[in-house]
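In what comes next, chain A is part of two complexes: it sits with chain B in the first one and with chain C in the second one.
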Partner chain A sequence: MDRLLPLIQNETLKIWKKKRFFVIVLVLLILIPVFTYAQLRIAETNKKNFKDWHNQLVQQINEYQNMLSSDRIPDEWKRSRRIAVQQLQYYLDHDVNPNSPDGVTFTRSFMSNAVTLFFPLLVLAIASDLVSGERTSGTIKMLLTRPVRRWKILLSKLVALTFYVSLTVVVSGVLCYLISGAVFGYNGWEIPVFTGFVIQGSSIESSFVHAVPQWLYMLMEAGLIWVSSMTVAILALMVSVLVRSTSASIVTMMAAVISGTILSSMSSSWHSAKFIFSVNLQLTDYLAGSPPPITGMTLGFSLLILAFWAAVSLAVSFSVFTKQDIMN
Partner chain B sequence: MRTLSSANLWKFIGIAAVLCTVMLLAGFGYAVKDMLYPKSEAYSGSEDLPALPAGGNLSESKEINVTAIGDSLTKGTGDSSGEGYVKQLVALLKTKYPDTAVRLNNNLAVNGMKADQLAKLLDTDKGYRFALRQANLIVFTIGGNDLFQIAAGASPSRMTGELKLDKLQAELPQGLDRLDAITKRLNAINPNAHVVYVGLYNPFYDIGDYREGSLQIQKWNERAYALLHRYPNMSMVPTFDLFENTISRYLSSDHFHPNHNGYAQIAARIVQSLE
Partner chain C sequence: MQKTNHSDVVLSVKNVKKQIGGKPIIKNVTFDVYGGEIFGFLGPNGAGKTTTIRMLVDLIKPTSGEITICGEDIQRHPEAALRSVGCIVENPEAYSYMTGWDNLEHFARMQRGIDEARIREVVAIVGLETRIHDKVKTFSLGMRQRLGIAQALLGRPKLLILDEPTNGLDPKGIKELREFVRMLADQGMSLFISSHLLSEIQLMCDRVAIISRGEVLAVGTVDDLLRGTDNYVVWQFEQPDAGKRLLAGERDVRIVPGNEHRIDESVLAGMKDAQITTMNQDRVAALVAKAVRAGIGVVSVQSIAPTLEQLFLRMTEGESIG
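And now, the complex of A and B:
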């Protein structure tokens, strides 16, 4: 262990010096104002059309109900709308605004929308060249000729990666709050959010529904985002060990993540797609009570699948990295 | 930042990252605990119903808030512009009362809504009660689905089978009971608003065998008028005459719902009935 800490320090500083984290912050600084502006426009339209959030919510429920009464809409789609109607109705019945216009609520929905694509993308910016980058630049030889066990080197890379994943999730949340708060106001920490909706078929069981203050909800959400981002990071580390070029490693991981998003939206009939890691990334949906992409998926199931993929990738990464010959 | 030495930078990143990781792990742990072993505690929200609007004449009130409820006629089905009679009514009210702020509060109509469903919603749905209490003008249509669906055995828009006129007659009392319940509940929710009920018409007037149906529709309209008449703030607007000789002009292609012009006539009649 005595040699590990300097190694972690070395890897952490290497990522910092490569300015990858600055790129992430820059992307956030550009994108968050764009989304904030879009949300502001929506809020302005709603304000013009509706006197009160109750009216807006009632109208939204009514629109869903009208869609449900149509014969031309696919059953799968109806099912998710039916669930949405019941949740909105629950909010309405308890006089809680699910879309209160404030910085915290905006941050909450931004984070949960970002979990399947945006966060994996940010994570890949750091993870994809951790090993393959050293190969491309040739520094891997210097790294491996030092009198350090190879597994320690990979482990230190993994720890540094974990550090940056944590920082990315937290910094995203903080930046989003600071930027959107300037427009929507810095309040909303104590607003109750309902969680614990149990989905059964096309209806929800509300006996376990309870309210948590929004700050706690955000904390839980961030924790779940961290877990799915870490899974992507560990998989990317494996790909980066296996593939020689950084761009090939990014493309491979992006393809995997994007295909998961597409599968989630069309996999109602292909049930075994639920074993693919990228279909399970939207952990925050379980918290919000949205229907999972494939019926029968639960939080426990998704966590198991993600853990399985992560464990396999770790095993592959370490066994390959410790045995691999380094040639140019 | 440039003055930061590598050692200090490492300390800064390392400590920040460890703190973030611990916090996120705690959040994850709490989320798993909360979802796998949920404690159910009932959350009782604070009910804040809006204050009732002042009663009295619409022309004297400061603003007119319109809330529409009912079936596909109120939704505006058949109007290719999507306006229906409700939006046209709001536009007409704006020209009739130029000094008053007129706004459509909510249009909560649902296609295929029947009177018993509406009565139940008025009883249980907080959203309906909220939107209705804000209004000083409530417009609604109901009953068409109750009568024609029962008589045809299917929803009216895809009706192909035969319309059984004797069945229509048999269902009248039940439908009227439901309308009775609706008027009672509307009055309980908002006794100050002006309520306008749009009467029924026979969309099959031009089809030889079903012309007789108009007599049943008129019975419905007559009894409905009696139900509404009990409350001085409620009134009824007839529409049956609009859809007899001018069916081709005012009915949409589904031969059941009015088209844009048909809805325009209904809106005009409602405005005429308001002082």
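And now, the complex of A and C:
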């Protein structure tokens, strides 16, 4: 282990000095104010139209129910709307505002919306050139001719990657809270959030529903985001080992992640699509009780699928990296 | 630096073969490198020099054969074997977004027992003190070369492997490198230097292995290998026809027809009506005197060292006969 620490230090330093993390922070610093402004406009409009959030919620429920009676809406949509109506009704009955305008609520919904595309993108900025970058620059020859076993080098890269993925999740949350809080106020930690909706067909079972304070909900959410980000990171590491060029490695991973998002919205009838990793990335939906992209998917199932993909990627990464000939 | 006995085998390569995609790239390579010697690895581009070097440092796994460095098998104990090796494979690479110093610290952390004093020491050895704290992307090729050598020296290796180290260096740089290599060898280090230029190897190396098409053709001192390969002697006369007749009349002088010699065209470019011969060099003075007595003015006589190509030709001819 004492021999591994300097290697981890090396890999962490290299990512830092490549200024990849600065890019991530910069992207966050630009995007979060944009979304905060958009949210502010929505809040202003709502304030103009509704004096009370109860009215707004009732209005929303009515809108959804009108949609449900229309013939032109596909069944799939109807199912999710029906569930949404039941959830809104639950919040209304318990006198809790699900869209309370404060920094914490904004952060919660921003993080949850970012999990399928935005976080994978940030993770790819770090993970995609971990190995392929060393090949492109030729430094892999120096790295692998030092008296260190190859698996230790890959392991140190993996540890450094885990560190930066964790940092990305935490920094995103903190920046989001700080920036949006300046506009919406820095409160909302104690607001109850309902979780534990069990979806059965097009109705929800509310016997397991319980309220958790929003700070605890945020922690659970961050944990789930970390799990899906790490899965993407480990897959990207494998692609980076297998593919020689960094741009090819980014494109491959982006294609995989984006196709998952598209499949999620159209694969209701193709059931085996649920085994694809990118269809399972939206873990935070299970927490909020939104219907899964394919019926029958549960949090446990998604975690299992992600773990399986990650384990296979790790096995492939390590066996290829330790055996492959470095030709270029 | 540890003094190694000259008779110790530092690097031993036995019957190494490598197939890539079913094609034999390295057919059979065997040689030993002893302690404190400068060993040249000579071959034309594409002969398998770099592939062999990559196998020496565990970047490529041989299909069969055995490579040991200081007694440690590179395949079975890569960690132990690589501890005795410093190398630059192809170009001297470095992380361009870090400073030279950061790069050295990075590689120092990959090995036990290299402290800051040692890093300062190798920086001084390659003479990079003034620029070491600059980003590598601002370095010239020569400075990258020095940084690469500094990196290779960090772990006090017993064997230093340099792949085409004179590539991209100017004549002054090549001369400095030659002196530097000699200094390291005098301290007891073994050096393994690949090149495609015979002249370079000739000036630098104690012993040479010649590789062609993935096979080692010969191993020995440069002088041994060149023995029996005639130098070209190129004559220019004031009266070219008379001169030619004179040369033709000598029994031990062979005139080489213009399309048969293998002298580089650039060497002959400025020589009008040059007569290319192969002959014993000791006879040149006597022949000049004879020409002068016959009233034939000698403009120039030039001895041109055999090229690598010539050497190959002789060796492959020998092979097909023997």
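The criterion applied here is as follows: the second predicted complex is superposed on the first by the 328 of 328 C-alpha atoms of A that agree within 3 Å, B and C clash if a C-alpha of one lies under 4 Å from a C-alpha of the other, contacts with A are read in each partner's own complex, and residues count from 1 in each chain.
Criterion: a residue touches a chain if its C-beta (ideal position, glycine included) is under 8 Å from a C-beta of that chain, and two chains touch if they have at least 3 such contacts.
Note that the structure is predicted; figures quoted are calculated from it, not measured.
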What does the overlay on chain A give for chain B and chain C, a clash or a fit?
fit
Taking the superposition on A as described, I'd like to know which of chain B and chain C A:L144 touches: first, second, both or neither.
second
Examine A:D95 and indicate which partner it touches, taking first as chain B and second as chain C; both and neither are also allowed.
first
Taking CA centres, what is the chain B/chain A/chain C angle in steps of 10 degrees?
160
Which partner does A:T162 contact after superposing on A: first (chain B), second (chain C), both, neither?
first
Please indicate which partner A:Q65 is in contact with in the superposed arrangement: first for chain B, second for chain C, both, or neither.
first
By the touch definition at the top of the document, which applies to A:L13: first (chain B), second (chain C), both, or neither?
both
One more residue to check, A:I42. First (chain B), second (chain C), both or neither?
neither
Chain A residues touched by each partner, larger count belonging to chain B or chain C
B
Now for A:L224: first (chain B), second (chain C), both, or neither, which partner does it touch?
first
Could you say whether A:L299 touches chain B, chain C, both of them, or neither, answering first, second, both or neither?
first
Closest Cα approach, chain C to chain B, once both complexes are overlaid on chain A (Å):
9
Touching chain B in one complex and chain C in the other: list those residues of chain A.
9, 13
Help me check something: in the complex, which residues belonging to chain B touch chain A?
6, 9-10, 13-14, 16-18, 20-21, 23-32, 34-36, 38-41, 43-48, 50, 65, 75, 103, 105-112, 125-128, 130-131, 134, 158
Quick check on the complex: what are the chain C residues that touch chain A?
20, 54, 57-61, 78-83, 85, 87, 89-91, 93-98, 102, 106-107, 109-112, 151, 155
Mind pulling up the chain A residues that touch chain B in the complex?
8-9, 12-13, 16, 51-52, 54-55, 57-59, 61-62, 65-66, 69-71, 89, 92-96, 162-164, 166-167, 169-170, 192, 194-196, 207-212, 216, 219-224, 226-227, 286-287, 299-300, 303
Which positions of chain A touch chain C when the two form their complex?
3, 6-7, 9-10, 13-14, 17-19, 137-139, 141-149, 323, 325-327
